[in-house]
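For reference, chains read A, B and C in written order, and residue numbers begin at 1 within each chain.
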Amino acid sequence: MNMIPLFVAVPLAGAFIIPMLSRKFKWFPDVLGNLVTLALVIMSFAVIGKSGVYSMGAWKAPIGIVMVLDGLSVLLLVSINVIAFASTLYSIKYMEQYTSKLRYYSLFLLMLAGMNGVVLSGDMFNLFVFLEIASVASYALVGFGCEHEELEASFKYLVLGTVASTFILLGIGMTYGSIGSLNMAQISEQISQNGMNNALLFAIALFIMGFGLKAALVPFHAWLPDAHPSAPAPISSMLSGVLIKALGIYTLVRFLFNVVGVDERLLMILMVLGALSMVIGVMLAFGQWDFKRLLAYHSISQVGYIILGIGLGTPLGILGGLFHLINHSAFKSLLFLNAGAVEYSTGTRDLQELGGIREKMPVTANTSLVASMSIAGIPPFNGFWSKLIIIIACVQAGRPVFAALAVFASILTLASFLKVQKYVFFEKLKEKWNDLREVPALMSLPMVLLALLCIVMGVLLLPIGNTGVLENINILEPAVKVIMDGTDYASKILGM
Amino acid sequence: MIYILCLIFFMVGLYGVLVKKNIIKIVLGLIIMEYAVNLFLIMLGYREGGVAPIISEGDSITEFIKHSVDPLPQALVLTSIVIGLGVIALMVAICIRLYEKYGTFDITEMRRLKG
Amino acid sequence: MNLIIYSISLSIIAGIMCLFIPKRTRGVAETLGVIVSLVTFIMTIMMFGREFVSKWFLIDNLSRFVVMGIGMFGFLIVLYSLKYMQGRDRINEYYAYLLITIGASIGAVLSNHLILLLVFWGVLGLTLYMLVGIGGSDASSTAKKTFIIIGGSDVIMILGVAVTWVLGKTFIMSGIEVSVNSGMSMLAFICLAVAAFAKAGAMPLHSWIPDCAEKAPVSVTAFLPASLDKLVGIYFLGRISMKMFVLNKAMGQMLLIIGAITIVAAVMMALIQHDFKRLLGYHAVSQVGYMVLGIGTCSPIGIAGGLFHMLNNTIYKCCLFLGSGAVEKRTKTSDLDKLGGLARFMPVTFVTFVIAALSISGVPPFNGFVSKWMIYQGIVDLGRKGDKLWLVWMVAAMFGSALTLASFMKLIHAVFLGQREGGEKVKEVSSLMWIPMVVLAGLCMIFGVLAFTVPLEKFILPAVPGVSFTGLFSPSLVTLMIILGVILGLIIYMLSNFKNIREDSLPYIGGEELPVETRVTGVDFYRSIKDSKILGGIYRAADKKSFDIYDVAKRVLNYFIGMLKYLHSGLLSNYVIWVVAGILVLLIVLMKGSI
């Protein structure tokens, strides 16, 4: 499996080559940035269904640093790289509003390398390093505009993010102190042999908080509604679409399910955190008038769904959660790209100032309709299926209260997206938008692609097979299996 | 005992982040927190009277392991210091830009994003 | 099986194709719409004689006449739209969503798998949203409100489906039989019923219908809220309460209460409306009350009455809305204050409208009477079984019926009789628009006069086993008597002296006092109701939307959201405090057992 390190190496190399060569050629960052992400998309499709371990420097698992590819990583890799490709495509035109494309692409690829590294690494500290790479790049990208709001958001994000990182590092220290190893497989083996102790529990709390902050779970969410709207649109779509999932949800799930091994209490914590985020996020979103801030609050709420689904701990719940994860990365990125397109054309993202631009920007309007209906859970779009599974799983697991909360949040989601549709795209066209133009083709192309993805994912990944629930899903099923197998993860990695 | 000192050190940093209004002081608080953690990591690998974990030719491995301190935390701390450096550089750069825009270091006046 | 798939997919695929027809091309979408809806109608007729059960689909006695109704209304509405929608924007989209709606409704009614049902059900909401939105830029908030209520109830339905699945262990509807006795089963039934209520428009989820009627294109209102949504919604209510769940007494009572409140409250609101279409919208809500009441009686004849009323209601309500559309097309307004005296200019519209109005008011020999009469019998049955409140339901139903008649008196006076402001001449609408109305009015008569031989025998009674008629009523006999009476009246009229008839009388407006110089519009007929003390207060509250679940929920939510927004004050230290507090709570929870 020589491909595994390439997922990190290629974007990392790109990130360094771009600033070196683009002083000479102006077109260079665009071309290389897109080539790199395209290559990554192809690579990630090539590894679907595969798994493997790569040891750096040929040291074997417990001693050397390993990178692990399994079902869960593949799922994340595919969604990360597809969204990254859509975002870079979109950036070609969009980023012309900003000054330095070279730094932009460089940071972008750095962030991408960090994310790919996080989902591939099989070692706690390595994971931390990649997580920090991605985070630092994202701090810088949030503040890319260098205006009042951008800087303020970036600073707040930085402070909270650093607090989280420090806690994670502390947790790593604690784990190392009580286990004596940082390889995830070995930690897991040790825990299952020797059981928990207080230091480990303390570390678990620290990890939940740290990864929870990266995933923007309530009450650790406060940075997200500031940071995500302030970034340039393609970055917002990366942040909301995949960064919070790779850095937050993936790490949380990997650590709790595969390394520690969940019990009732941990599952309950996950469910409560998920339900809290779901409800509070959507309520705050409902009251927003800033297009992107509204979307950002919805990210909190949707992450809540994912965590709730996974936190149920049943196969159906995990399936729903993971399905919602990839669905959310498709439609939420699309929505941020839409918001960016609206801002690009009109220069504002205040819902009350906009109105009726449907006739002027049909592509943006229709793709955003698809995305809104997806996130609101309207059939036949993809969001419907995952919400359906999550709600059914909640009831099946004997937790109707959480199911009811999910229903409540879903209604509010629908309401707030209808609000968006109404204020931005329907209603009467305001006079000042009379000579509005649709965004350039290079910007509408990724939007159309993602909208198609929203439709196709709903239809093709039909999750209800003839006999069982897990049929027909060739990318979700291995991921669900990885989580369900729990701490068996260890023996697989060490055995290879 | 030494861990408790680390913890106090950590709390001092956290206090800075929580209470101080000046963004530079907040940054300093973060730095203190980070170094508290670094110190903690170093302490984990330390053993009294240990030697530096550099193996030279002719040493017996078992003897060496008995006496040397654990090298892994040191490696971790080195990496973490490097990361910390990057983060802090970015933070300070943003502080400067913030000062240019807002004309103040007071975090309570940077409240354009709320609700 | 193939027939089912063809009938569903044909119109959905045609609809999707319409979406991609270039804007400039005219006529393609219309042609496609007429052909496809006709073919679908024929297919639904072909389905009529069959029985079919599979994992995914089901044709049984209950669903097949509903499907036929959908096919018919689809075709008639497309026909009507040809002229009505002419010259509007976004025609292609309109036909696209119309066709998808037909396909999805057929799918919803025929599906035997709960998940499949959910999909079709949700698609119906989506197309309704888009169709209402076509009404123009003022319709956007109505579209939003409609879809929030409909879509919201869809999600509640998901919960219901989930609970039903856990209780019944299967998604196949024909294999589910749950008796409502535990909390969970009540939850399941209520959740599913909520979806049916929202779609059909029973209180308290009714508030989108009047708004929709006012703002959306009339053909859309006639198609969805007035006919298709009623058919689908009440069909589903019938299916869950007859076949999937065995209701206990509390659930039956709930249905009865909702039905009674809906009947009376909605018709009271209808009395005071000033807008033609909005008034009809409130009636559309009120009639749902009868159906819910009928099903809530849990006695065979009551349920049969409810289902028959559903069928009748779609016929006459569709006819009424189409009539209002015809009037609007010609006069460009739907404000009752500005209409009047149209009977002379639009005779066909007038006659069909009167027939439909008499039907909805439950005047024999039209169809509305028969179904209402069956519902009354159901209530009497309920009384015999020992329900002490049966008189209340009876009074509510009869009172509602009387008020319906009263409000249609006002409406007919205001639109077709009376005097019109300005008073310029208008033409009758084109034949493409009045043919559907005539067909529907004809159906009103046929279903009334031949109630037992045609609709009940063929459609309703097979669906509801065990109906026994207790009272004596023969519609044909009654019709004969009425016709005799009318002829007698005519003879007397002929024989009497023509000269005694006053040509120009002072307007009589139901005993209300009115300044002499004012034009009588009919709007003021029942104004004094609104001025009375107790009712006036209720009406004022209703004007402030205190009874609209949508607005009430919005107010409550905004209060909480305000609090949450206040918490997000932008102060960094607050955010850090949350983080620290969060970690402390986590620590306490995690370490609780172990220290």
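We take it that contacts are C-beta pairs under 8 Å (C-beta built on N, C-alpha and C of every residue); 3 or more make two chains touch, one makes a residue touch a chain.
Note that this is a predicted model, so its numbers are computed, not measured.
Asks: So which chain is farthest from subunit B, going by the mean of the CA atoms in each chain?
Replies: C
Asks: Taking the mean of each chain's Cα atoms, which chain ends up nearest the overall Cα mean?
Replies: Checking distances from each chain centre to the full centroid gives A.
Asks: Where the centres are mean C-alpha positions, what is the separation of subunit A from subunit B, in Å?
Replies: 28
Asks: Could you grab the centroid distance between subunit B and subunit C? Build each centroid from C-alpha atoms only and quote it in angstrom.
Replies: Going by mean C-alpha positions, subunit B sits 67 Å from subunit C.
Asks: Where the CA atoms of subunit A average out and where those of subunit C average out, how many Å apart are those spots?
Replies: 43
Asks: Scan subunit B for residues touching two or more other chains and write them down.
Replies: 14, 17, 26, 110, 112-113, 115
Asks: What positions in subunit A touch 2 or more of the other chains?
Replies: Residues 155-156, 159, 163, 225, 287 of subunit A each touch two or more of the other chains.
Asks: What are the residue numbers in subunit C that touch two or more other chains?
Replies: As it turns out, subunit C has residues touching two or more other chains at 565, 568, 572, 576.
Asks: Residue numbers of subunit B touching subunit A in their complex, please.
Replies: Residue list for subunit B touching subunit A: 10, 14, 17, 23, 26, 30, 33-34, 37, 40-41, 44, 72-73, 76, 79-80, 83, 86-87, 90-91, 94-95, 97-98, 101-102, 110, 112-113, 115.
Asks: Flag every residue of subunit A that touches subunit B in the complex, lowest number first.
Replies: 125, 129, 132, 136, 139-140, 143, 146-149, 151-156, 158-159, 162-163, 165-166, 169-170, 172-173, 176-177, 182, 225-226, 230, 287-288
Asks: Within their complex, state which residues of subunit C touch subunit A.
Replies: 115, 118-123, 125-126, 129, 133, 137-138, 140-141, 143-144, 147-148, 151-152, 154-156, 158-159, 161-163, 165-166, 184, 187, 557-558, 560-562, 564-565, 568, 572, 574-576, 578-579, 581-583, 586-587, 589-591, 593-595
Asks: In the complex, go through subunit C and note every residue touching subunit B.
Replies: For subunit C paired with subunit B, touching residues are 565, 568-573, 576-577, 580.
Asks: Quick one: in the complex, what on subunit B touches subunit C?
Replies: On the subunit B side, the touching residues are 14, 17-19, 26, 107-108, 110-115.
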